[in-house]
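Common to both upcoming complexes is subunit A, partnered first by subunit B, then by subunit C.
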Partner chain A sequence: MAHEKVNGCVILKDLYYNVDNNTWVRIIDDSTVAVGMTDVAQNLAGPLLHAKTKKVGTGRKLGKPIATVESGKYVGPVKSPVTGEITKINDALSSDAGLINKSPYNNGWIVEMKTDDLSADLATMVSGDDAVAAYKEKIERDNIQACEQIEGADTYD
Partner chain B sequence: MEDQDHEGKKILVIQTHGVATPTRTYSPLFYAMAAAAMEMEVMVWFTMDGTNQLKKGEAEKVQLVKDSNVNLKTMLEMAMDSEVELRVCQQSLELWDMQPEDLIDGVDILGATSIIDLSLSYDHVMYF
Partner chain C sequence: MMALDISQNKHADVSMDEKNRLFEEVKADERWSHVLYGCYECGICVAACPSARFYDFSPRLIAQAVSREDTDLIYTLMSDSIWDCSQCFSCDRCPRQNSPGQVITIMREVAVKNGLRTAKEALQGYGRIIYKIMLTGTQVSPDMLQPDAFPDWGTHVYEIAENLDDWRKALPPETLHTTETSWTIDDKTIIELYLIWHMTGVMDLISGVDEGLYDIIVDVMEERLEEAGYDDVTFD
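Presenting the complex of A and B:
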């Protein structure tokens, strides 16, 4: 899988990113996507203790929370990068929010959503080399500390 | 426990503890941020001893975890970044010989009658 590390933070080039909200989108089909927190986001939040997702069937506009996450030092929303309806939630997170830390792009996915207009949503995001460049700028601008290794990080070396 | 969605509810947090009791300062702000993350409208009202943490230069001195990059000032800033509104009691400023210009940026002053109106108009009040 094409990827790049920026200050130790893994960026997968085949995903789409809302850099401001630190979320990623993986396209499942024409209108359905999986959504999660980026490696940068989980690193900033620290070891997560709880993740509370919205219910299946909840309609969300872009920027509205699909979940709230909390660590010992942080609590905040995970903001939806798309407009649509939550169709599936990652039940494993209710007993192990740390999955988001260990595997932000795979086992730590947060919800799946049926989007209203996927192409319009994707137009608000970046992917590939543009995503890497955007994260380089963000990490430098916000002085983000180096990411700690995530599960399977050697896969990304 | 029934898992209700409380988006849009209004929470008023009243903080009466200040820099003399550091372990009582973080949690009300953390709860306020949690409520804001859950899409609630949140205000923290500082009164009595709670007022003194809003004096410029004071909150930076309160740090619960040694060598952490988080102190009470950063907690207050994170709360404001989360769109939590911070308000202080006008009369309490006098308790600490504080003038409006002594307050950190982003804090508005309200009079005592406002707390009564607010507590009646909000969905829930948390008192610390």
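Presenting the complex of A and C:
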């Protein structure tokens, strides 16, 4: 799996990213996707204590919260990068929200969603080298501190 | 310590009309006539102020700026200095019965209501506290004691964070065996709290400073209210 590091933050090139909301999308089939927080997002939030996902069956519009994450002083939404319905949640997060910090792109996935119009949603996101370039710009613009390496960061290739 | 920059027209991008409008909103507050009577420049407020010891902050500067109606300086203070106040009201010992602390309370409210960028920035670090207050009615939760959030707590904050559940269970009252909230909160209290937020329109203030925070709070409140039979109560 090709990846690149920007200021220590891992960007997987085969995922789609909503850079403003700091979320990623992995395509499962032509209408279903997995969604999670990026390495940059987990780094900004700090060590997470709680991750509360919305229930299976909840309909969400793009930009509306699919989960709430809390660290020592921070709380914030994970904003949906797609419009659709939550079909599956990552149960492991209820007892170990730190999975998002350790493995934001794999074990720390947050929900799976059935999208209403995947191609329309994907048109709002970036992937591959475009995603790397967009994150380079964001990290510089927002002066984001270097990510501490996540588990397995060097084994994605 | 960051020095306070009060150079004239620091916020030139904001029109004088806007600066005047914000100050008119401050003066229109019904508490206004009871918080400012004039200033002897004696400095008692500064001498009593704990924030003045640690920051480049002066309650006297606030009192004088609003007395002179210097709207340009007031805007500068509203964008910076007012967030250094700890709202302890030690300055209430003013021999003229001024209350710079209460002047600041009003200025903060106007800054929040008008969604000033600086108010958003100042409140960013308090997101989780606002979230806790709005959803549980308790402000500080034991699980905020994390090494990254409270390094000043000392080295044993690691041990406390690691074994927080056990520490809490060692407290005699069972209602304190909590980590996510300060104490156990009754469902009835929670529902009453949400209905109060709904009736007072206080959520509009939060939506002005942090839309993401507003979304997650409203989401939880609407869900709990619906479960309690208040299907018609929505915050849109």
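FYI, the second predicted complex is superposed on the first by the 155 of 157 C-alpha atoms of A that agree within 3 Å, B and C clash if a C-alpha of one lies under 4 Å from a C-alpha of the other, contacts with A are read in each partner's own complex, and residues count from 1 in each chain.
In the analysis below, contacts are C-beta pairs under 8 Å (C-beta built on N, C-alpha and C of every residue); 3 or more make two chains touch, one makes a residue touch a chain.
Remember, it's a predicted structure, so these values are computed and weren't measured experimentally.
With both structures placed on the common chain, the touch criterion links A:T68 to subunit B and to subunit C.
When the shared chain is aligned, subunit B and subunit C each come close enough to touch A:K54. With both structures placed on the common chain, the touch criterion links A:G46 to subunit C but leaves subunit B unconnected. Of the two partner chains placed by superposition, subunit B and subunit C are both touched by A:G76.
Of the two partners subunit B and subunit C, more residues of subunit A are touched by C. Comparing the two complexes, residues 54, 64-65, 68, 70, 73, 75-77 of subunit A contact subunit B in one case and subunit C in the other.
The touching residues of subunit A, counted against subunit C in their complex, run 46-47, 49-50, 54, 64-65, 68, 70-77, 79. Every residue of subunit A that touches subunit B in the complex is listed here, in rising order: 54-55, 58, 64-65, 68, 70, 73, 75-77. By the touch criterion stated above, subunit B contacts subunit A in their complex at residues 3, 5, 30, 33-34, 37-39, 68, 70, 82. Subunit C makes touch with subunit A in their complex at residues 125, 127-128, 131, 143-146, 148-150, 180, 212-213, 215-216, 219-220.
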